[in-house]
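Chain lettering (A, B, C, D and E) follows the sequence in which the chains are written, and residue indices restart at 1 in each chain.
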Amino acid sequence: MSFFLQELVNGVTTGALYALIALGFSMVYGVLKLLNFAHGDLYMVGGYIGFFIIRWFGGAAKLFIPVPLLVTIMFVAAAVVVGGLGVAMERFAYRPLRNAPRIAPLITAIGISFFLENAALLLFGAQYRVYNTPDFISYSSGIQIGSVSIDSVQIMVLVMGLFIMIGLQQLINRTKLGKQMRAVAADREAAEMFGINVNFTIAAVFFLGSALAGVAGVMAGLLFNTVYNTIGFLAGLKAFTAAVVGGIGSIPGAMLGGLMIGIAESFITGYISSIYVDLIVFGILIVVMLVRPTGLLGRAQLQKV
Amino acid sequence: MLLSLDKVTTYYGQMRILEGISLQVGEGELVCLLGGNASGKSTTLKTVLGVVTPRSGRVLLDDKDVTGWPVPQRIARGIAIVPENRRLFGQMTVRENLEMGAVLRHREKLDDDFDRVHALFPRLLERRNQLAGTLSGGEQQMVAMGRALMSRPRLLLMDEPSMGLSPALVQQNFQIISEVHQSGVAVLVVEQNAAMALSIADRGYVLSTGEIVLTGSAAELLRSEDLKRAYLGR
Amino acid sequence: MTAPSQPASPPQEGQQPLLALDKLSLGFGGLRALADLDLQVRDREIVSMIGPNGAGKSTVFNVITGIYRPTAGDVRFAGGSIVGRPPHIIARHGIARTFQSLRLFMNMSVLENVLAATYGSTRASPVESVLRLPRHRREERQNRVLAHDILAFFGQRLAGYRWDQPAYSLSYANRRRLEIARALATKPKLLLLDEPAAGMNPTETHEITELIGRLRDELDLTILVIEHDMHVVAGCSDRVLALDHGVKIAEGGFDTVASHPAVVEAYLGRDPEALAAEPGGPGGSPTQGGTKDR
Amino acid sequence: MSQLATDEPAPVAPAGPQVGADEWVARQAQRREYLPSWLGGTERLVEKVGWWPRLGLAAAAGLVLPLLHVGQFQLQVGIDSLVLALLALGLNVTVGWAGLLDLGYVAFFGFGAYGFALVSSDQLSAQGVHWPAYFSIPVVVVATGLLGLLVGLPSRRLSGDYLAIITLFFGEAFYEITNTVASSKLGGEDGIVGIDPIRGFGVQLLSTEQYYYLMVIFVVGAMIVLRLLEFSRTGRSWRAIRDDPLAASAMTISVDKVKLMAFAFGAMVAGLAGTEFAAQQVSIAPTDFTTQYLIMIYACLILGGAGSIGGAVAGALVLNVVLDGILRNPTYTGYLFYGLIVIALLVKLRPWRRLALVAGSTIVFGYALHAIAAAISHSWVSGSLQSGGWIASALRGWVIVPASATGPGDWGFVLLICMLIALAQVHGRTRTLLLVPTIYLAAFTWETLLGTPTNASITRYIIIAVVLIVMMIARPQGLLGTRRVEVPT
Amino acid sequence: GSSSPSGSAAAKSCTTTIGMEGPLTGPVASLGQEQLHFAELAVANDNKANHTKISLVQGDTQLNPADATTVTKEFVSNSKMVAVVGPAGSQEVEAVGPLFARAGMAFISGSATDPSLTTSGKNPTFFRTVSNDNVQGPQDAHYIINTLKPKALMIVDDEESYSTDLVSIMIPIFKAAGIKVDHESVSQSVTDFSSLVAKITPAETVVVLPWQIAANAQQFGRDMAQEHKKAVIFGTDGLYSPGTFEIAGSYVSSFGPDIHTIPADASLVAQAQAKYGSFGTFGPPVYAATHVVDEAIAAVCKGGHAPTRANVLAAIKKTNESTSILGKPISFTAHGDPKNGQFFLFKINSKGTYNNIPY
């Protein structure tokens, strides 16, 4: 039983992280119908920002500021910088393609992804950068229930993930900006005709989505300790999967999709074998997709003829 | 003048659509814009709204040059549109669509406006929680009209507002346009049904391949042999 | 008053109708879009469907063509039930349609839009096409003749020099015409037209009315039209069917239906006499001389 | 139906603008879609030559190439490009025409390669299985087509991006199976080695030249087949379901069947490419068939213009020749870098006097800055230039190269990106003004960071990334693609 | 530097080019970039010492056989190039071996360890500075069986050639010794091991990680600590990375000692760290390989011959360095394997330092 719970905790944590990346991916998709394959690389940049902040404040073992402050700075800096990067990316590379065929931005996304990966390689080097989280957030600071342990980073990831999801859901359904986002998603030109600032709205979506990726990058650094220039690829793939399986464009869907994949991976590793984990996860997802062709929480594209 | 276009030339990419259009709409006037298919009527409305910017010429609102202004600022000066093909937000409910009409009206109570729209189109009250994309063509047209009225415009642009409506609704629609007009709102309406449109309009313009070829009071236009020959028959 | 080309009469007993709707019902969630709808259409008949917006007219088309599946009832075409068949099979049986919101193949040329619709009536496999075997060549030749003939129906409106232009470059009215042409290319027996005159000016509307008549006369088609323009309805239909809330409220000749109190109440909003006499149309308007002057 | 032919008079174009006529708009659109000036002229010229003569010319050029004294390496780049071209052609059917976003496509390529390798090597048994090519290639290609059918099956229920994810799973699963799960049978990470060359009827293809010719023949053959298909019943139905599947089904097209055919056909082309790849490479491994390579195929297709046969091939040739043929050589890379800057200025800066102004100011700016830097500290300018030849002599004394270049180079790079983004924001005079330091900064970054030998491989990817982004901004429909409208659903 | 007449004469005649193949970008760029840096370092140092003018040309393979083929054809058709360092992966060597053989060009890998590369006879011009898995696998397995005496163990490969080859050599030995083996597999790009760690049973007192990325192993160890698992990690080559992998009580077997701890290498270590920052275990063997090539070229030149491919190949075959950066002599068997491939075993103490212990 405790093994089951431990795997559940592990799966939920990883899943929450996937979900966070998927959220941003899904938001951008929802508004622009754009598969932003560069999203994973923004996550990578977030990871690096976290690393360099730890280093600027003395390094993991010799921090000269309190840990909560450090973590806050890490999250804020990653959110702001990566969010800004997302906005710049939209302005520079995607905006000229607004009216292009849908497949065109796919190549731009690939170009941006190449660019970010290799610029990171150029600027930050190829070494694996290590956060050394346990040096400043000790494992014993978490909670221990029987033989199941949940450390404080895991708790932080879960709590933040939950809050961000609820926040986003509120933002989109309740606030004016959220309504504007949905309107732009539904019909960009019509939205413009009613006075919605489309450029601003899209920039806001990119900022939020990218900032989430940045935050997720820091979280991943804290959880898994390692950052390097190509971690974005796998993360982007997972995010894409989570978003689609949950129902692309749907916020709770992305969350659910991420959690599902995280937990499935964890249990398959635990109960079957890590060798088959990807295959089995794919198998499960294919079945899910065939049973619900629009994803778990996706709404069927309505077709009024 | 509430609205005037001064020698406006508009392109889509490399394609010239409007060529030196000049047109006026006075405060509280009902002006109709006629023309054959693809003559640039919708483009004219889009130019007024600012969705497309002219390459040369000026757009004046209240005698102020707004040519380079973005759409939201123009809308804030009291323009609203019933776009061609309705352009509803299909994945949003009827109610939300109506709200989007008033998106620039900050922190105001919208209840009165909802009541007014619902009074005009009771069907919309009945269907307020249906997704707009699943409405029938005519129902969608009602939402489009209601949405435009939500912003309490001073100048209402309408692009073929009666397309796809039942005869009763077409009647009602023209009546609504008249009422709106009588309440002091200026209206610039594009219609295929020239005779009907002219019967309620003050003045009219006829567009042909991007140029204004005829203009005059509604009564003059109705009598004009040119219009009969050129627009109503061939 | 424009007289229909054939006197309106209910379908005769004994003669098998080409299309028969039998207690057709369809609901969307809580909404009843169609309720126990019966309709019989004989060969070479032009039947118009009118009704207020949201009455379920387009839905009838969607059910007939297999895009929606009715919750109850039956659709019989040329004697056999076609409920549950996929759209392309129904289309191959001989039912073609146009869409209220245009659905052309926007990036294909005018000619190709028409040719694409011959898929069901041709057989050449990819291998035959690549090797240019006789069957492919014969079919292509026939298709071209067919396309030419169909497009010729629209006279100058879809004249030859624009056959190679992509459909998106056409004006709204021409797109509507192309939709009809494309539907004709499936070699249908029954043609369903959903608001063919929407977005057209009075002259063009008149053209469409004439076209519908010619299609029946020259191609022996049976036609079901949805239209809100009373000039079209009056000008071409043998029989008119009025729907409201998915229920048939009147059926018969134009005059009968148009003066039916329920129809006037729910749909026309006022007296049909006044409607037909209103300015702008071919029916006794001041511009009538202009429209006939070709 | 031919009795329908009416005796309408031949269509005449109306003279002058006419109310209610939209002829002129259509005409105008046609006339104006050309690029301005000489570019448009070239485009029109190319269009005058018909499709088939153009193909003939291209094929002849391809066949003549090896006679022009090119090395093994150039030929290998040619083969790689042609394999990519063949793959892009197949993908064009599924993605470009039928509009099915197939992200598992690379697995068909891998399947073809593994299929061929298994029946042409010692992998399956001690003595091995060694089928002759005229037997093995058709079998493998057909098997790949069947696999395509199988993978395409979900496309009957799923659409758009949901289909994309299923096919992506399939691609990843293929990698997993070859790499990890079935490693004992398929050789695991080491793949399959010792694959037979293409052989049969007593002939064996061994040399690079022979494979090059074979690939030219295959690519040209595929182009011919696809062209013949494009305007046939099948090709039309593919393009129709892309634009509007629902309307297609109402127009007698059996959408499911047509989709499956598109999948299968694309897969067969990929399978064919796989067999050639395996035979030519002699050994294959799972890492040859990764998502990275899939991305490359997509890049070729879209860069060239999705939906265009010539575009798919052109995209593959351009991209791969730039990536492998040019950017692997640091000297060429330098030329390309400075050349692109100059061309961009030439194309973008009008009138000429503005260009002269910018060029002049940049030169003055550089020398002034260099002089100031040299006056402050010699170490600021004592680094060595990375470019060689005449570029170096032109830049000496103009661009600052500090003795220790890494730090400043990094910051220069970051600053350069910021400047470029800023350039996209501003217009008019500010932009002209900003151009000067940006050009200078570009040269500085090149000489201190991007152009250094250590970074050559990274720079190669950075340049290709920038080229992809800029190309898409400049021509969203791709090199040879045509403008299309997406029909909103 | 000195300016002896013989030195400048050698420099004049001894101008040549060598190639370097490795995954310089892409998913395993960390590995390839380190190799590149050490190759550059070696060329620079050796040029200075031998008064040669060898220049290094890089070719990015992304660990991809097809790319390696393209790069190799480029190198082979470059008439100035006389020998190549790399490629990194065994599957790449497999793909390019025949090409090098046909060109008569030597190539020396610093990381391809598949035993069959040298035994198959298909790669006559191939050399390597690392020992193959047939040496390391059994040696490690027997040490684990005899000294650590586990009842059951977990062995996790990283889906790369090196790792799976080693695992497939070790597993039969463990099984024969009656040890229950749980074989798992995670790709190098995975950085989350918590689920895997949760699977370690109390009976599994040893976890074998034949991995190449030390940071991943460190994370694995941390996940174990977090879930209170007490098993001992036994790693191989790639985990040898003081400062990165420092889970106390772990064992690491390595083809060479830590060059950080070899007094003779001190200046080199300082030089590398100053120029490229910290490094792991992929660089030094490539330094050794490059050094072998450099020395061979210098020897050919000293002998008064032109540094042609054939001459350099012959000189490399004769390599006999009494010492090297790897802290052991380098010479090659007839197949190109390093002679007396020797391995070292280390145990990490609680301060994270590596102590050499006897096998």
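Here is the rule we go by: a contact is a pair of C-beta atoms (placed from the backbone, for glycine too) under 8 Å apart; a residue touches a chain by one contact, two chains touch by 3 or more.
Quick caveat, the model's predicted, so the values are computed rather than measured.
Enquirer: Which chains lie in contact with each of subunit B and subunit D?
Expert: Neighbours common to subunit B and subunit D are A, C.
Enquirer: If I rank C-D and B-C by number of C-beta contact pairs, which comes first?
Expert: Result of the comparison of C-D and B-C: C-D.
Enquirer: Report, in whole Å, the distance between the mean C-alpha point of subunit C and the mean C-alpha point of subunit E.
Expert: That pair's centroid distance is 75 Å.
Enquirer: Go ahead and note the Å separation of the Cα centroids belonging to subunit A and subunit E.
Expert: About 35 Å, centre to centre.
Enquirer: In whole angstrom, what separates the CA-based centres of subunit A and subunit B?
Expert: Subunit A and subunit B have C-alpha centres separated by 43 Å.
Enquirer: Would you pick out the residues of subunit A that each touch at least 2 other chains?
Expert: In subunit A, 117-118, 121, 187, 233, 275, 305 touch at least two other chains.
Enquirer: Two-or-more-chain contact residues of subunit B, please, as numbers and ranges.
Expert: If we look for residues of subunit B contacting two or more partner chains, we find 36-38, 134-135, 231, 234.
Enquirer: Going by the touch rule set out above, which residues of subunit E reach two or more other chains?
Expert: Those would be 25-26, 185.
Enquirer: Which of the residues in subunit E end up touching subunit D in this complex?
Expert: 24-26, 36-37, 40, 56, 58-60, 62-66, 69-71, 73-74, 76-78, 90-91, 94-95, 98, 114, 122, 159-161, 164-165, 185
Enquirer: Tell me, which parts of subunit A touch subunit D in their complex?
Expert: Touching subunit D from subunit A are residues 29, 35, 88, 91-93, 96-97, 100-108, 110-115, 117-119, 121-123, 187, 233, 237, 240-241, 244-245, 248, 275-276, 278-279, 282, 285-286, 289-290, 293-295, 301, 303, 305.
Enquirer: Help me check something: in the complex, which residues belonging to subunit D touch subunit C?
Expert: Subunit D reaches subunit C through residues 1-2, 4-6, 8, 10-13, 20, 22-23, 25-26, 29-30, 225, 228-229, 232-237, 239-240, 242-244, 246-255, 261, 265, 484-485, 487.
Enquirer: Which part of subunit D faces subunit E closely enough to touch in the complex?
Expert: Within the complex, subunit D contacts subunit E at residues 71-77, 80, 179-180, 183, 188-191, 193-194, 208, 277, 281-285, 287-288, 290, 292, 324, 328, 453-454, 456-458, 460-461.
Enquirer: Give the list of subunit D residues in touch with subunit A in this complex.
Expert: Touching subunit A: residues 95, 101, 154, 157-159, 161-162, 164-166, 168-169, 172-173, 176-177, 180-181, 246, 291, 295, 298-299, 302-303, 306, 410, 413-414, 417, 420-421, 424-425, 449-450, 455, 458-459, 461-462, 464-469, 472-473, 476-478, 484, 486, 488-489 of subunit D.
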